[in-house]
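The same chain A turns up in both complexes below, where it pairs with chain B and then with chain C.
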Partner chain A sequence: MIRSVTAVAVVALSATLVAVFPRSILVFLAFQCSLLFVYVTRIPGWLRAGLLGLALIVLMPLIGFFNGYYLEVATQVGIFAALALGLNIVVGLAGLLDLGYVAFFAVGAYSWAIFGSPQANLIFGGGFPLAPGWFYVFLFVGLGVAALTGVLLGLPVLRLRGDYLAIVTLGFGEVIRVLANNLDKPINLTNGPKGITPIGRPPALGIPYNEAFYFLVLLIVVVVIVVNRRLEDSHIGRAWEAMREDELAAQAMGVPLVRAKLMAFACGASFAGVMGVVFSAKQIFINPESFTFLESIGVLAMVILGGMGSIPGAVVGATVVTVLNLQVLKGFSLWLNELKNAGVTVLGYSLANLPTQLEPAKYERMVFGIILVLMMIFRPQGIFPARRRQRELAQAQQDSTVTPVVTS
Partner chain B sequence: MSALFEARAVTKRFGGLVAINRVDYALERGISSIIGPNGAGKTTLFNVFTGLYEPDGGEVTFRGRSLLGLRPDQITALGVCRTFQNIRLFANMTAIENVLVGMHARVPLHLWDALTHRPRFHAVERGLWQRGGELLERVGLRGKANEVARNLPYGDQRRLELARALASGPALLLLDEPTAGMTQGEAGHLMGLLRQLVADLGLAILLIEHNMRVVMEVSDRVTVLDHGEKIAEGLPREVQGDARVVEAYLGRRASRKSHAAP
Partner chain C sequence: MDYELLIGIFPQVLLDGILLGFMYALIALGYTMVYGVLEFINFAHSEIFIFGAFVGVEILLSLQSAGWLARLPWLVVLVLVILAGMLASGLLAVTIERVAYRPLRAAPRLIPLISAIGVSFFLQDIIRLFESIWRNAFNLVYPTMDAMNHRFELTRTLDVSVRSLVVIVAALLMLWALHALVNRTRIGTAIRAVAEDQAAASLMGINVNRIISLTFLIGGAMGGAAGVLFGIQYSLINPYTGFIPGLKAFTAAVLGGIGNIPGAMLGGLVLGLLEAFAASYMSLLTGGAFGAEYKDIFAFSVLILILIFRPKGLLGEVVRGRA
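Then we have the complex of A and B:
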């Protein structure tokens, strides 16, 4: 009871604070932490679902009303959460290390970018861009194309494992990016490094675009989570986990490895494909620079940081990395810059004399790297580890949590 | 009339080493054993039978159907399942989950069923868990369904591997040293269980075993391999008295003596 009241109070207080101080990053972080608190604290399930629903469906758009950038951050978090959840299937459940995951995101993005902009006129002569309503059809087209690409990637690498698989997928990710960079001739498909613009946006039913995209992304993330859950709790998920544990034994027990692996690649890829379509419409402009190797690594970092094979882990990992990159590190840099410009002296040394090589803005990646390293040292299983992962890492520790014998 | 399971002139070479040389083998229901000194090719033969190795020559049929060129999972789906000499459980999954994976080939569900959660999905899934529970009970792991496989004692792990193999609904079960590391009492218990399985389910069981007391007690038929060749076959007591078997196990001098005897 006390916990329930606390949870409600924490959410209400942090949301109010955001409304009062719409410019303070710390307050927005507190709001995010309050949601995390609601998720982990022991309160009745209906209250937890209600509070999270309220916060995400009502409070977040309201906060966007006070500070539009926060809604943008939330939308980005959603996009990356879906990507992390997709990669989580491939890496976390099936144990296939994929370093080129962003390629599927690119495939989805380009599928709408080409047909939702005048770009397709260069190929088919005329009649483009497609009407905005087609966007919703292309959500499924993007899904299909990405899944197909997943199978195409899967086929040649089926016999590879571990490091070898990682190298090939890394190469595949680069191939897609280089293709996007160079397919402006002989037929101009992707417009090369210049990128495609303007990409059509979907009809938003009278809601402002920022809110519309936020809700769309939220809806997709919810669907992705449900799909992830259901896969995990089915014979397919069990086969993936068995495959990760011992490929040979899994096959000897009747798991068709080829099918199971292709299915993992296709399922993981399809989420990225859908989000790619949304991403291209949201950004209006895309070019190959959005789909670099670093993006793949970023998504992988989210999965690992959150906890491999864990659904809440993937979501939290995506949130932490995105917020860290978009807000915390940027905010940190801004703050240090302000100190520098104000000529503050630390231990008798004026920050204004700081060489430009040491400008705070350049630390961002380094700080992120340090956080990742510390994380791997002190909590290698991730923030919200999956049950199984916990066991793998803490072999001796007996985990006494009991799974239901009959799932329903 | 072909036997339930038949191998003809199976040969497997690793480079210059002939691991199995033109071995003929046939079995019907009941318990058969393969024995032989270390390195005789017993496990290699198992690996050929279950599709892990492609033989260099010969033919393997199950219910009149050739198994050559089939993948291990296809062979399992046809009804031939095995356990491993060095236990290969899914160590971080629970006992019941291990058994459920064993049922994979018999799950009549598709991706779509799992995603939509149609009523059929729940019905089938509930049936699987229930059958899994029954299998665990059958091998004596009642109440350990939610234990993580790696935390089970050694003997239980062997039993769990048996349950997992049974879960695939096999007509022929290949067990690679199922009593290794067990006490004589545990081994006797397991053999009782195998007898029971043969009686209840009409299974054919093929054992690789080093525990001679177990082999001689439980087997309907014993085959002896040495240096990749079949050197004897028959009822346990026939094989026990065979001169070549004694030679294979004890060396040449002993064999000369037994040659002189008749």
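Then we have the complex of A and C:
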């Protein structure tokens, strides 16, 4: 009872604070933490669902009216959460390290970008862009094309052992990016490094676009979570986990390895494809820069941080990493600039003398790097470990203490 | 089709390919040696490589600003810079192994790989951070040494600069030294023993951890030397430059047969030549439809094809387990 009251109070308080101080990053962070608190604290299920629903469906768009940027952050979090959930299937459940995951995102994004903008006229002569309503059709087209790409990539490379597979998927990600960068000749398909713009948006439903995209992303994330939940305990989900623990044993138990791996690739890819379509419509403009290796590793960092194979983990990981990049690093950059312009001195050192090339906002690689290394060394199961994964790691630890290979 | 042009550029392309190939070979050694002893892809090796290039450029720039660069004999400067790059990169590699890989040796095999990716990203930005504060720039240009820009004209269509020769000679020297070290010394025997069977080597009184550190030191040093040579040859470096050559060097290591030292050298050369020819001839042969911008794709396609059809690589070292 006390916990329930606390949970309600925490959400109400933090939401009020956001309304009072719409510009403060710390207050918005507190709001996000309050949602996490509601999720982890032990309160009745209906109250938890109600509070989270209220916060995400009512409070968040309201906050968006006070400060549109926060709604943008929330939308980005949603996009990356869906990506992390997709990669979670491949890496977390099936145990296949995919370092080129963003390629599927790119495939989805380009499929709508080409047909939802005048770009397709260069190929088919005329009649484009398609009417805004087609956007909803393309959500499924993007899903299909990305899944197909996943299968096509999977077919030749799935025989490879784990670490080789990782490098090949990395290469594949780069191939897709280089193709997007260069397919402006002989036929102009992607418009090369200049990118495609303007990309059509879905028909307006009487609410502002930012809110509309927020709800669309939220809806997709919910669907993705439900699908993930169902997959986890399904026949194929069990097969994936068996395969991850021990391929040979799984095969001996009758798991069709190739089919299970292809399914994992296709499922993971399809989520990215759908989000790609949404992303391209939301941004209006895309170019190959949005689909670099850095993005793939960012999504991987989200999955690792939250815990491989864990659904709440993937969502929390996506939130933490996105917020770190979009708010903390950027906020730090802005703050430093303000101090610089104000001519503040610290311990006799004038901050105006700081090198101009020092931009904290650009150090997302460092964030990803630190997350990956620290998590691997100190908590490989992640913040919200999946139960089975945790046992597996404990098992590996035990095995290694029983038969030490290396002694010094 | 302009056959005269096709044949005319051949020697120059060949030379470029050999240069590139030696560069890849030096970097590939780091991947292959570490893979040989630990069966682990040291993803951070591309940053170990570019770290050497940064140490080199820092020394050269300080010499330049002190006014010594023009006064000292260029060969002395060159040897000094290469040695410094080797030492720095070697020590960096050993440190990385100690901090980020050793605690994970017993973990499932993807865990250290993920840690290595993290190290790689972290190093890129640490170098950037340092150079941003120190020089307020992280795209650095190697200062030119006049003596090294001299070009010999071999034929009408082919000339070779001193720095290209330096790269080739230095690479050959180092490859020979490494070969001798691994095959003719007690340390080399120990390294091979650890690569063969860690437990047995340990029973024979070899300090396995020390040999692993040593492997990282040697592999890192080769990478550092390659970094300095890369800077000398191509001048412009930034913290993110190392990534693509690193990936290609890994491809070269796989091409030659990963874990196999002569294989890495051969793989490097073959890949360098393939890439140089692809870059110059693809656009000529397809009438400009596909140009040099596809050379990266080309290297990755080579990687995928080898892994599918001949995972053992050209020299076919027996790799334990299935590739």
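In this section, the second predicted complex is superposed on the first by the 365 of 408 C-alpha atoms of A that agree within 3 Å, B and C clash if a C-alpha of one lies under 4 Å from a C-alpha of the other, contacts with A are read in each partner's own complex, and residues count from 1 in each chain.
In the analysis below, contacts are C-beta pairs under 8 Å (C-beta built on N, C-alpha and C of every residue); 3 or more make two chains touch, one makes a residue touch a chain.
It should be emphasised that the depicted structure is a prediction, and the values quoted were computed from it without experimental measurement.
Kindly classify A:F172 by the partners it touches after superposition: chain B alone (first), chain C alone (second), both, or neither?
It touches chain C, and chain B stays clear.
Please work out whether A:Q251 is in contact with chain B alone, chain C alone, both, or neither, and reply first, second, both or neither.
Touch status of A:Q251: first partner only.
Looking at the overlay, what does A:Q357 touch: chain B (first), chain C (second), both, or neither?
second
Scan A:A30 for contacts with chain B and chain C and give back first, second, both or neither.
neither
Tell me the contact category for A:L122 with respect to chain B and chain C: first, second, both or neither.
It touches nothing on chain B or chain C.
Now for A:A242: first (chain B), second (chain C), both, or neither, which partner does it touch?
first
What's your read, chain B or chain C touching more residues of chain A?
So, of the two partners, C touches more residues of chain A.
Give one of first, second, both or neither to describe whether A:I225 is in contact with chain B, with chain C, with both, or with none.
neither
Identify the partner contact of A:N181: answer first if only chain B is touched, second if only chain C is, both if each is, neither if none is.
After superposition on chain A, A:N181 lies in contact with chain C alone.
Both chain B and chain C touch chain A; at which residues?
Residues common to the chain A contacts of chain C and of chain B are 392, 399, 405-408, listed in rising order.
Inside the complex, what are the residues of chain A that reach chain B?
The touching residues are 227, 230-231, 234-236, 238-239, 241-242, 245-246, 248-257, 263, 388, 391-392, 395, 398-399, 402-403, 405-408.
So in the complex, which bits of chain C are touching chain A?
For chain C paired with chain A, touching residues are 40-41, 100, 103-115, 117-126, 128-129, 132-133, 136-138, 198-199, 202, 207-210, 243, 247, 250, 254, 288-289, 293-294, 296-297, 300-301, 303-304, 307-308, 311, 321-323.
Where on chain B does chain A make contact in their complex?
Going through chain B, the ones touching chain A are 50, 52, 71-74, 76-77, 81-82, 84, 88-94, 96-98, 100-107, 109, 111, 113-115, 117, 121-122, 125-126, 128-130, 133, 145-146, 148, 150-151, 164-165, 167-168.
What part of chain A is in contact with chain C in the complex they form?
Touch residues, chain A against chain C: 95, 97, 99, 156-157, 159-164, 166-168, 170-172, 174-175, 178-179, 181-182, 185-186, 293, 297, 300-301, 304, 355-359, 362-363, 365-366, 368-374, 376-377, 380, 392-393, 396-397, 399-400, 405-408.
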